[in-house]
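Labels A, B, C, D and E are assigned to the chains in the order they are written; within every chain, residues are numbered from 1.
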Amino acid sequence: MITGEGIVKTFKQRGNVLGAREVRALRGVDFAIPKGGAASFIGESGCGKTTLGRIIAGLETYDEGELTLDGVPMSSLKPKQRQPHFRKIQLIHQDPYSALNPTRTIHQTLNAPLTLRAKQTGRSKAWIEERAAEVLSMVGLDPGSVLARYPHQLSGGMRQRVVIARALTVDPEMLVADEAVSMIDVSLRLGILALLKDLRERLGVAVLFITHDVATSRYIGDDGELYVIYRGQVVERGPVDTVIADPVHPYTQSLLSAIPVLHGLERPGEQPVTPVESMEAGQDESGCLFAPRCPFRGERCADERPLLQVTEGIPQEHACFYPERRSVVARPMSEV
Amino acid sequence: MPGQAPGVRIDGLTVVYKTPAGELPAVRDVALTLEPGTITGIVGESGSGKSTLALSLLNAVQPPGRIAAGSVDIDGLGDVVGLRGEELRKARGKHVGYVFQAAQNSLNPLKTVGKQVLDLGRSHGVEDLRGLVRDARELLGRMGLDGARVLDSHQHELSGGMRQRVGIMLALVLNAHLVVLDEPTTALDMITQANILKIVREVHAERGLTTLVITHDIGVVAEVADRLAVMYGGRLVEQGPTRQVLGDPRHPYTKGLIRAIPRLTGDIAEARALPGRPPTLTTVPERGCVFRDRCELRMDVCDTDDPAAVAHGDRIVACHAVKVREHA
Amino acid sequence: MSSAILETTSTAATMRRNFWRGVWRVMKRKPSRLVGAVIVLGFTFMGVFGPMFYPEVLPRDTSQLYAPMSAEHWFGTDGQGRDVLAQVITGSRYVLLSALVTAVITVVLGTAIGLFSGFKRGRWDTVLMRLTDMKLTIPGLPLLLVLSTVWSFGSALEMGLLLGLLGWGGVARAVRSQTLSLRERGFIEAARGLGLSTTHIVGKELLPSMAPYIAMNMLIAVTGAVYAQVGLFFLGVLPYEADNWGVMLNLSVFGGGALTTTAALPYMLAPLLAILLLTLGIVLVVDAMDEIFNPRLREE
Amino acid sequence: MTVIARRLAGHLARGIVMILVVATISFFIVRNIPGDPVAARYQKLLEQGMSPEAAERATAVMYGFLPEGTLWQQYTDYMAGLFRFDLGVSVTHPGSPVTSVLGEAAKWTVLPVLAGTLLSFLVGVIMGVYAAIKRSGKLGDFLAISGSLLHGVPQYVLALLMGAIFTTLIPILPQGGTADILFEPGFNAGYIGSLIEHATLPVVTYALASYGGWILAMKSSVVTVLGDDFILAAELRGMRRSIIFRYVARNAILPLFTILALSLGLLFGGAIFIEKIFNYPGLGFLLIDSVVNRDYALMGGAFLLITAAIIVANILADLFYTVIDPRVRSGEEASA
Amino acid sequence: ACSGSGTPTNQSSSGGGGGGLFTTIDVNRPGIDASGPANPYNPKGNSFLGYNAMKLAWVKNHLTDPNQFYPGIAESWEIAPDNSAITIKLQPNNKWSDGKPVTAEDVRLSIGIAYTQGSTAFAITPGAAGAAADVEVVDDKTVKVTQDMTNPSSKFARGVLDTFVAPAHIWGSVLPADFWDKLKASRGEGADAEKAREEITALGEKIITFAPEKDVSAGPFILERVNPGEALLVKNKEFYNAANVAPDQVKFLNYTGNEQIWNYLISGKLDHAGFTAAPADVMNRIKQAPGTNIIKGFSPVAVGMAFNQTKKPYDNVHVRRGLAYLIDRAEVTKVASPEGGNAAVTTSGIHQKPAQEWLGAELNSLEPYNPDPAKAEEEFKQAGLQKKDGKWALADGSPWKVTMTAPSGFSDWISAQENIKGQLVEAGVDAEVVTVADYPLYLEEIAAGKYDVGFWLIALGPAPYDIYQRLYGASNGWTNVAGKIKHAEPGKSGNWMGGAEKVEVDGTEINPGELTGKLNSVSAEEAKPIMLQLAKAANQDLPVIQLWDYVNTQFTNTSRFTGFPEQESDLLRLPAGVWIQLGMVKKTP
């Protein structure tokens, strides 16, 4: 069980001589991912998804709030002590090429963490070899043909599988997949998604899926939760299908409206929402962050920040003063 | 002004790249017609030869590549493959506009956008440079930007979406009526993408253009294109009106591809990945169907013969299996 | 079980074999690289074994002072009637040895500082880079000249040590920027996420990725060191060593009049040619470094 | 423009600190040098046939030019003098302040170095563009290899070869000196001609020595820029070749300015060999001379001046960079 | 630029009235300093001896007599038989280049300046040998200088006449009004005298830095302009012998290395050049240049291989003798200094030529130390050295290596040592050559006794005291303080040679240092027997092995000028400017 409460992260950019520029990447994010569960973070570029994912994987520090792994609050530990906890959470990078060392064979890549593990648990060398083959088989690769190769000799999909296999060598409890399929060829994407789902089911590994392609978030399991993030804040949260089918936050609705319609297979949603453009509009910190772009903004939005809440008749949590369901997503033709 | 939109006929186009293993075709024997005034979309996975095809439209394949065979006939220009030197240069920009991928930098980092517009004007002998700048400003305004400010900006001062719009402006400002957009929305976020696509559609209609959109994202073509062509391993395997191709794909690759699209709604179990992996320049088989390794309908003839592109009404499909079924 | 272990060792061996085969492939790709490798190997041989072919004190023939080139004396003789070629060969050891020491120190120190700085970042980085900046700003040769008045760099090792201590700045700077960029690469982060030790990350992940870079710098440092020390000897600010190349240049020009008449010209040309050849060899070999260490380019 | 002012301020502060540090280092090195300038002169007088006692008395006066007081006192005097541009008096040029001796010599270094650098910069940059364009051909290969070779070959090798060719084998150029004394100095053809005649060998050697570096740097820079998308984009927009060439050139030359500054530094170093070999009375020559004669003040001064020149060159290059690169100007790019 | 008579020469000679341009170098002063003042006291000043810098008289290059001169500012002089005084008569119608006459006042001022600069005759050190006691202006053209006879020197006249003369109307301000009083005070004892001496020495600095606005010369030429490469002098029409001065202009070429001089000579650019060592091939090329002449003459310098006798085994005379028998000096000279030196016939401490004058037939009685391995072996055995596997080792069996040190840049010395090393190694004596960075360091370290074996200049004549002072002077323990000779222990007070204080010659024990000190004041005839004793001591005791005697070799070119001195001329150690002012050099018809 991994939970975060009010996580805040501010980047200080080392600008010029006169003062640094601050970027508020996360402004108090709450989340909870159960053991073996699934969660997806979606949002526009720059909204803080990656930052959050890296914080969860222990690769980035946070300024405020608390991250709790299996009931242990991380801020109570010294950096050294946190490491074993974070090892249970493995990050799968977006770019499978840069995630593998081009100068090392797959064999060498897998061996390093396995050797460490063997040392810790007192296992033999033979175990390392066995285990390497095992994790490769787990991700659907043939150990015999893959082990001796260099990353550049593999396709994108295979590389991504190797990255996942490497994460599996340390028996993680959770995988954080940051845009894990966006650089994979379209025809192979589903394969990786299916693999993640399969790992969840077989090994009970929780998956945190970060994407801006909302549709893919459905494929890691229908029990998953969707977190919609806007400018470092969660604006809507609920079961994947519920949020997609009945989004209530105007931002979620804008996002979903922006998804291209497969004319011929689908027909567009009836109430698409087009946000006012340009994110630059005012960094005003008091009101709703989305208000400047929101076509439905009301009086309260300007001065008050809505918090994530549950309201009558709406199954998901949301952060909007005027929640309203709108049918924005395209429907398959066949449903007609 | 009707009739300004040119038609384009690509025929038998083969483009090869020189590699240590010899000259290998990245685009092979492609035939494609762009009807005047339509938006045609080309989809294909990475390395399928889309960009190469797009560059061929301007006879701009970069070395070590070259157009080995075929013709690209553009109304009002003739066969571009035959054009050389100044003629070719003049055709570019004035007749054919080319829009680069968004996140990449298609602007000179050292010059303001306005100065680059002027360079463009001078290159094409525009006499009324003021008028050109005015046009540019209007175009930018049309796309929802503050034209004056953008013209005064350097590339690094613009966001990805803004750059992309500047790119479209530069492609159109000389009044080109054939526009090629290579991956116009890749690396942009969804909302910006939707905006750009909207702009593409509107500008296309307003200015009476013939447009070619190249992308790996079927969603993008489905959203904007009238006609859709699917590329695989350097070949066009299927083409036809967008709705027809999406609704009723014929080629097994198209089918597989469409099935592999993650869907927002509906049964997730319907979607499945295509087994195998896309070919690269070196793994494309020399003879026979390029898709056969991943094909469910593979037949013996696929190993030996290239399937010809055969018209089926509005649709053109290059598959032995489809032919067989049709004839049967 | 044991067979599995055997298998691993044999895979390692095959990989090593593959590496060398790859190197051979890379070298073969351009004949110039082979030439370069032959030259560099030739000099190495010369430095290691060359002096063994000659007596400790070269025979002199006072009837043949500054003799012209002949079959007997390929590059003539010097002002003492000693064979010039023999001096170039016996002198190569000092030059090459100290160049090697320089290169090793430059690279080890530069890489260590660059790695540390780039990997730790923060305050250490700032301090180290300020230091490096300063080092890079102070011109090397003038500093050497000034230093030569305090320290006479007696042995090849001392010479190499000093040049190395003066030369690491560029490497440190370059390695640091490489480290900074590699650091952001997924595989380094992944290794950290997997809990791998810093030693592993630096030794097995970072360093191999920088190998072509380091190797290149090493070779360049060799030429730089040869250049600097021969230069210092040539200027005559360092104590004299009979068969040092720089001393040969000095004696030929300032003693033999190589820039005045032709008699001592071969005496000057021989060490010059040696330097030129060595530089050429290294330049040609450097050209192959990138491909040797990049498995992609190596295997193709 | 404030960015420039701010950068200038930062650079100046750092430059001054550097100069002070270098001054301190050179002071202490120089004061630790064994050997006695007076003894050297004494022995010289003996060799000229002066009697030992007379020689002793004649050299006694030279002690007056040696610094006095404790080391610390000497140091503070030296540093205080530094701020008054007073570097003490030279022992080998008795009575002449070091600054005036340096000034005279600097004239003869700066001019040829600048001329040589400019010459090689121009030729090297043009050849570099060529080498980049023809990089897959024989010509490109040849240019690149010759560039590396020239770049790798020590300056004294070039200088010796040039000297051997043009003063020994085909004696058409003078060896040493600055101009024929018979010409009245000033703006007359004879004097200028004589100046040029004497400077030809050093200048051409400077040029040759740095030419290789330029060709290599320019080539790689042009190759990088040619690979940039905006060049292809410009081509596809049908821009004129001349305009594209300008785009390439401006973008490719930009990074060379940093190298230019560094190379000026190297040239000052290299000036030592070239000036020694061609007997050109510049700073490098002076430095050797002062080293051989143990002229502390002069040695320290020459070393300091050479270093200061490099620092100033670096500052200028950076400012220039700031002016012409809009990215730096607007403070976007953190200093590399 | 390849030929001496380029365009510029022709240009200016057309204006010069047919005298032409005399091109030369000043071998004693490499590196013309464009910013140097026209000041003869400044080592980098642009004052060229014999051209625009004048002395009272010019010292003849005599083998034995230091007191022979050619006239300069002085037309004639009279030396008292006991050397107690000299009366100088100036040239009657000599003028400075600005038209003012040269007077006794100028001489008096110059003598004052000489005190500040330290000179032999005008020394402020109390008790200095050969110092002047008084200067008296007799009349406008006559000056009389008397010697302080408490510690007289036979070279007194030389010390006086070898004095620069500067124009008082330009230089007058450099000496304070009370200078002569101060000088008097300084000759005494006590604190006041000490203070006065300090003040006078301090004046020296001021004088060295003095820069006259314009060169004012009483010599045949005046400085016109300088640049870092060359200096130009033009004829001084006021010079007393101007009518006989042939060249209109003199051009001094800069040089910073010998190779430059070689190039000038080969291209026939120089009308005269002092000696510079050159390798044989270069020498041949120089000789081939049209008009080139080589004039050789006596040079009172020799070089010896000196031992530090505090180091083993060099403390043993047999070792030194053994080495002397092993070294073939002819070969060494051939390699190291083929044109500039003659192999020493033996080690006498005196240059071969004056040795014949001083020693006569006795010279032949000295052991010549001709190469003789057998004798060497005998000597080594006597010294207790052992021969093991063909190599000589020390008495205790430890290895022996002759380590010779030379300053780098002294190419002839290094060549010689390299050659000696080869010879020794062949004879089974291990040897090596070590160099130190430069000459100042070499001097410092050799004086500190850091080297076993080094090269040392000896026989710096012609004054007999100067000759032996190099062997039996400060470096060997004897110091001459106010005429008193003291001996210091080896390793102390600069005694690095560490020889014995007394040696036995022909059965009598002598103290070579004291004998050398005596040479300062005795007459030539009295000196002869002392010289013989010292020569014998040096020959048998071998504090050094004399290797070669330098030869004064000068280059002239007769294409443009003739009338240069003959071979062996006594003018040869004087600058060519003196030859010119004496009216010798003439334009080639």
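Rule of thumb we're sticking to: contacts are C-beta pairs under 8 Å (C-beta built on N, C-alpha and C of every residue); 3 or more make two chains touch, one makes a residue touch a chain.
Keep in mind it's a predicted model, so treat the numbers as computed, not measured.
Undergrad: If each step moves to a chain the current one touches, what is the fewest number of steps from chain B to chain D?
TA: Step count on the best path from chain B to chain D: 1.
Undergrad: Of all chains present, which has the mean Cα position farthest from that of chain B?
TA: In terms of C-alpha centroids, the chain at the greatest distance from chain B is E.
Undergrad: Based on C-beta pairs in contact, work out which chain pair has the most and send it over.
TA: Ranked by C-beta contact count, first place goes to D-E.
Undergrad: Average the CA atoms of each chain to get its centre, and name the chain whose centre is farthest from that of chain A.
TA: Comparing chain centres, E lies farthest from chain A.
Undergrad: In whole angstrom, how far does the Cα centroid of chain C sit from the Cα centroid of chain D?
TA: 25
Undergrad: Measure off the straight-line distance from the CA centroid of chain D to the CA centroid of chain E, and report it in whole Å.
TA: Measuring from centre to centre gives 39 Å for this pair.
Undergrad: On a C-alpha centroid basis, what's the spacing between chain B and chain E, in Å?
TA: Measuring from centre to centre gives 92 Å for this pair.
Undergrad: So how far apart, in whole Å, are chain A and chain B when each is placed at the average of its C-alpha atoms?
TA: Centres of chain A and chain B (C-alpha means) sit 31 Å apart.
Undergrad: Among the residues of chain E, which ones contact at least 2 other chains?
TA: 257, 263, 409, 437-438 - these are the residues of chain E that touch more than one other chain.
Undergrad: Would you please write down the residue numbers of chain A that are in contact with two or more other chains?
TA: none
Undergrad: Mind pulling the chain B residues that touch 2 or more other chains?
TA: none
Undergrad: Give the list of chain D residues in touch with chain B in this complex.
TA: 136, 228-230, 232-241, 243, 247, 250-251, 254, 324-327, 330, 332
Undergrad: So in the complex, which bits of chain C are touching chain D?
TA: The touching residues are 32, 134, 136-143, 145-150, 177, 220, 223, 226-227, 230-231, 234-235, 237, 249, 253, 258-262, 265, 268, 272, 275-276, 279-280, 282-284, 286-287.
Undergrad: Help me check something: in the complex, which residues belonging to chain A touch chain C?
TA: Chain A residues touching chain C: 57-59, 83-84, 86-87, 89-91, 93, 95, 98-105, 107-108, 112-113, 116, 124-126, 129-130, 147-148, 150, 152-153, 163, 166-167, 169-170.
Undergrad: If you look only at chain E, which of its residues touch chain D in the complex?
TA: 1-2, 6-9, 11-12, 21, 28, 31, 33-37, 42-44, 116-120, 123, 125, 128-129, 155, 159, 201-202, 204-205, 208-211, 225-232, 249, 251, 253-257, 260, 263, 267, 300-301, 409, 437-441, 443-445, 457, 460, 463, 466, 469, 473-474, 573
Undergrad: Taking the touch rule as given, give the residues of chain B at its contact with chain D in the complex, in rising order.
TA: So the residues of chain B touching chain D come out as 55, 58, 60, 62-64, 89-94, 97-98, 100-101, 104-111, 119-120, 122-124, 154-157, 167, 170-171.
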